[in-house]
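By written order: A, B, C and D. Residues from 1 in each chain.
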Amino acid sequence: MTNTLADLNRMSSTSFAGAISDTFELAPWVAEAAAAKRPFATVTSLHEAMMGAVRAAPRERQLEFLCGHPDLAGKAARAGAITDDSKHEQSSVGLDSLSEADFARFHSLNDAYKAKFGFPFIVCVRRHTRDSILVQFERRLAHDAATEFAAALQEIFYITRLRIAARVTGEGMPKVNGRLSTHVLDTHVGRPAVGVPIDLYEFAGEAAHRIASAVTNSDGRTDRPLIGDRPLPIGRYELRFSIGDHFRSRGIEQGDPPFLDIVPLRFSIAEPEGHYHVPLLCTPWSYSTYRGS
Amino acid sequence: MTNTLADLNRMSSTSFAGAISDTFELAPWVAEAAAAKRPFATVTSLHEAMMGAVRAAPRERQLEFLCGHPDLAGKAARAGAITDDSKHEQSSVGLDSLSEADFARFHSLNDAYKAKFGFPFIVCVRRHTRDSILVQFERRLAHDAATEFAAALQEIFYITRLRIAARVTGEGMPKVNGRLSTHVLDTHVGRPAVGVPIDLYEFAGEAAHRIASAVTNSDGRTDRPLIGDRPLPIGRYELRFSIGDHFRSRGIEQGDPPFLDIVPLRFSIAEPEGHYHVPLLCTPWSYSTYRGS
Amino acid sequence: MTNTLADLNRMSSTSFAGAISDTFELAPWVAEAAAAKRPFATVTSLHEAMMGAVRAAPRERQLEFLCGHPDLAGKAARAGAITDDSKHEQSSVGLDSLSEADFARFHSLNDAYKAKFGFPFIVCVRRHTRDSILVQFERRLAHDAATEFAAALQEIFYITRLRIAARVTGEGMPKVNGRLSTHVLDTHVGRPAVGVPIDLYEFAGEAAHRIASAVTNSDGRTDRPLIGDRPLPIGRYELRFSIGDHFRSRGIEQGDPPFLDIVPLRFSIAEPEGHYHVPLLCTPWSYSTYRGS
Amino acid sequence: MTNTLADLNRMSSTSFAGAISDTFELAPWVAEAAAAKRPFATVTSLHEAMMGAVRAAPRERQLEFLCGHPDLAGKAARAGAITDDSKHEQSSVGLDSLSEADFARFHSLNDAYKAKFGFPFIVCVRRHTRDSILVQFERRLAHDAATEFAAALQEIFYITRLRIAARVTGEGMPKVNGRLSTHVLDTHVGRPAVGVPIDLYEFAGEAAHRIASAVTNSDGRTDRPLIGDRPLPIGRYELRFSIGDHFRSRGIEQGDPPFLDIVPLRFSIAEPEGHYHVPLLCTPWSYSTYRGS
């Protein structure tokens, strides 16, 4: 359930801690420390206060906190023995339905990571695709202990920022959402291309999975962003525009088969909270795209 | 073996017919008729004379000629019981190694076609991909008899033009070759992009098969056309440019993962004897392409 | 002064006519006829009712109405002996400050026009540049009488629609404003180009006059449209972007002198009530533009 | 007159010096020193040997050599009292026909330069426009003595390289020519734009002077480079393409007046011996350009 910031500022310390303590995995002391800093002017400053409590904690407590996080795609997750938040987060990126081979790979990475650093690998999965989690895993395994401790805390920051943003409403919300959008301009006639079907695919290895579909409206745009109201998962994507039918329906000479039919634009997202506008400017014989804003 | 046009003009009628009669499938009378029209100023006029003999023949002889062609991907082809030229042509497009399902589909189309028109389906396979042959098959099955008879003769024209061009050298060669080329311009620095790996894929249904690879030279071009010295098979293609590594090697900020890494350009070829120049103009954040010349 | 539609609907016929009769040049009978059609649900329907009165009038009255309009750039205008509305309109396009040669040209066109059609040349000058008025003048002189009579009434429609829109506020305002806008995208870094000075020039013959200036904001756009809140005068324009300084300030290699410094985009506007978005997508070595929306 | 390198290698020292000594302004000792180094395998090595003689000369002789050069746009030039080579070079860039104001500006710069450095300002005018000479003049006045002495010798190198290339033919010609070219692609139909008139303008201050014209051929190119067979003068240029007529003649809807009519591409040349390919890719509603190769 969600609370308003005003209510959280007003309620007893116990109620306050009860309302938001589960945003920091198994660490009720974080909410308790933050309770004393109230009132908060913004939701962002509430979150900063909670992170401040983590940063100010003694090393052993921090380590205990990190160790309270479940393995990514681990046996506990498989068995359902993790918190609800963790469960939803891991399933959002398909970690609850890995092939045996992928499960084994995560298992082996988890073991190597814990052996080296003494705590489980923590990553804000909602800012990633499966592929980019694996890239992160390999890279962070190569870190030294101090660098990786900081990296883990940074991921805690991302995870809890999202949880707070989902649980508390009020002034000064943290910026947690990215946006992926497009538009199609028919430069053959100098007007928006209307009614063009667009599919968005996400890559996992060489396989592309369709994750969104839309049709351009009278302004050549989609009514809603292709991804919005959530972080953009770091990863590789492909937009596919059915542009051949658009020109065919207008009776334009375009060859048989048409020189351009399905136009794929393949790109990666690196900034989960960024704005990616990836348009298509198109004639039957040419096109261009760019990262716009 | 090849002959020069000069030699063909000089030799006895019998030798002449012997040298080139197999260009017109099982129809030695075509070469015999052409022998009397010698000398030929150009290879093109030799071919025209042979086609003229076909066009001037009585209807029954034309029909017999058409019936002398093997089924496409038929049982004779499977059993090896067709002429060498036919064998090479059918294998060039993979008709000698179809799946059982595809074989069955061709078999059923062949039967329907012969039942309707009284002669086997003839198509110049070297001007097609497997997909476009199937498209042609379906379309031509819908023809009326007169239209299809003309279509079959037109394919004979394409087939024999290629065979003549392979068998005879001399002035006025028929134009049988297309060209697919590309170049990569790095508009981030206003210079050709050097050393960029490029792969060319051909589509069969949803599956893409790599059919050529190249690396750009100091002029941003490939040393040879991606396809040249032969007809461009009608069909769908994709060029893939490994542009991410190009910018990475120059230390350019491009995001992590890079916004653009493998750039696919998907297009169709409709003119087997045409020139298709499909370049990539690229920065780490934008690109464009067009059909050039 | 402006009135609300509600007030106009409520007031006496005499007050109503007094309030808006001068929108139809020297023709109080138009407002009087419209008074009887009240109430009007929209400002557009008020205007339509007034135009309806003109269209329903006997031919002689229509002719007298047309004849009540002053010569364009005529002697009356020079002497100040025309209505205030006409004065502002003619000065908006520089017709009050023509060279002697241009004055003579208008004078001669006016004479020829009146000799042929029996009424003065009427054009909604606020939808035109000086050049396009001259183009219109020449074209319309070639009309037959019926075509030109209709063309004159259409211009009356445009003129009075603008006057009504300026004099009356309320529901259903007529659409009289166009919009010219731009934005600058730096595709060298995939972000909006901030702080780029832009000048807009209007052409009169070969001479270009600067009519607006702006600097791109943090979104690569201008805070206000380059032209907005009024019709876009039909004519030729040039946008000039100082892009060389933009890349120089970022230390980008661009040649000395820079390959691109001031980038001119030259285009024409043909739809006064249209939206013209003319962006610049730019690296130090390449650029593109298009009519967007 | 021109000599072959072979002849120059064979002839007497006196004849050799007589044949080429005037390439180094009033310095016959340069050719005499080079005579002893014969034979030369390439024209480039002949030129290098002559420059080597200059570089090896004592400082006083170098200074005397520099002082033998005429003032740029100076009184001697006006009076015709300079060598033929200097005369042609100065007139190529309009220095023989300056306005009184420009003449006065050059005069004052010459005086300041000579007062500071003790020798006249030397620049290879054929690698410059009037504007870039003035830019160079101002910049080089700010040099210290050693830097400017080297700069003057570098200009001597450019001047004499051109003179040698014009006077001697043979193996290993020095690279002295740049190339400016263009092509026009009609991306509305995916084919070269044929018959498009193109004008090339050079800027002097705000004034643009037409220096070349051409019409695109069947390949969308011009039969000859717009500038070739000589250095590209450093400076600002504008290509103007009459693209409106091209689309009008094909009956394409493009607005009235057409959205695009004369398309100007404004750019600078910074490398006199470089290749600049500046194409136009165009529809009636969009275009792009880039520095290609």
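In this section, a contact is a pair of C-beta atoms (placed from the backbone, for glycine too) under 8 Å apart; a residue touches a chain by one contact, two chains touch by 3 or more.
Given the structure is predicted, the values throughout are model-derived calculations rather than measurements.
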| item | value |
| --- | --- |
| Neighbouring chains common to chain B and chain C, by label | A, D |
| Angle of rotation relating chain C to chain D [CA atoms, steps of 5 degrees] | 180 |
| Shared interface numbering between chain D and chain B [over half = same, under half = different] | same |
| Intercentroid distance (Cα basis), chain C paired with chain A, Å | 48 |
| Whole-Å gap between the CA centroids of chain A and chain D | 57 |
| Of all residues in chain B, the ones touching two or more other chains | 187, 190, 259, 281, 285-286, 288, 290-291 |
| Touching residues (chain side chain D, partner chain A) in the complex | 187-190, 253, 259, 281, 283-286, 288 |
| Interfacial residue positions of chain B with respect to chain A in the complex | 132, 135, 234-236, 255-264, 266-268, 270-271, 285-291 |
| Contact footprint of chain A on chain C as seen in their complex | 185, 187, 190-192, 219-220, 281, 288, 290-293 |
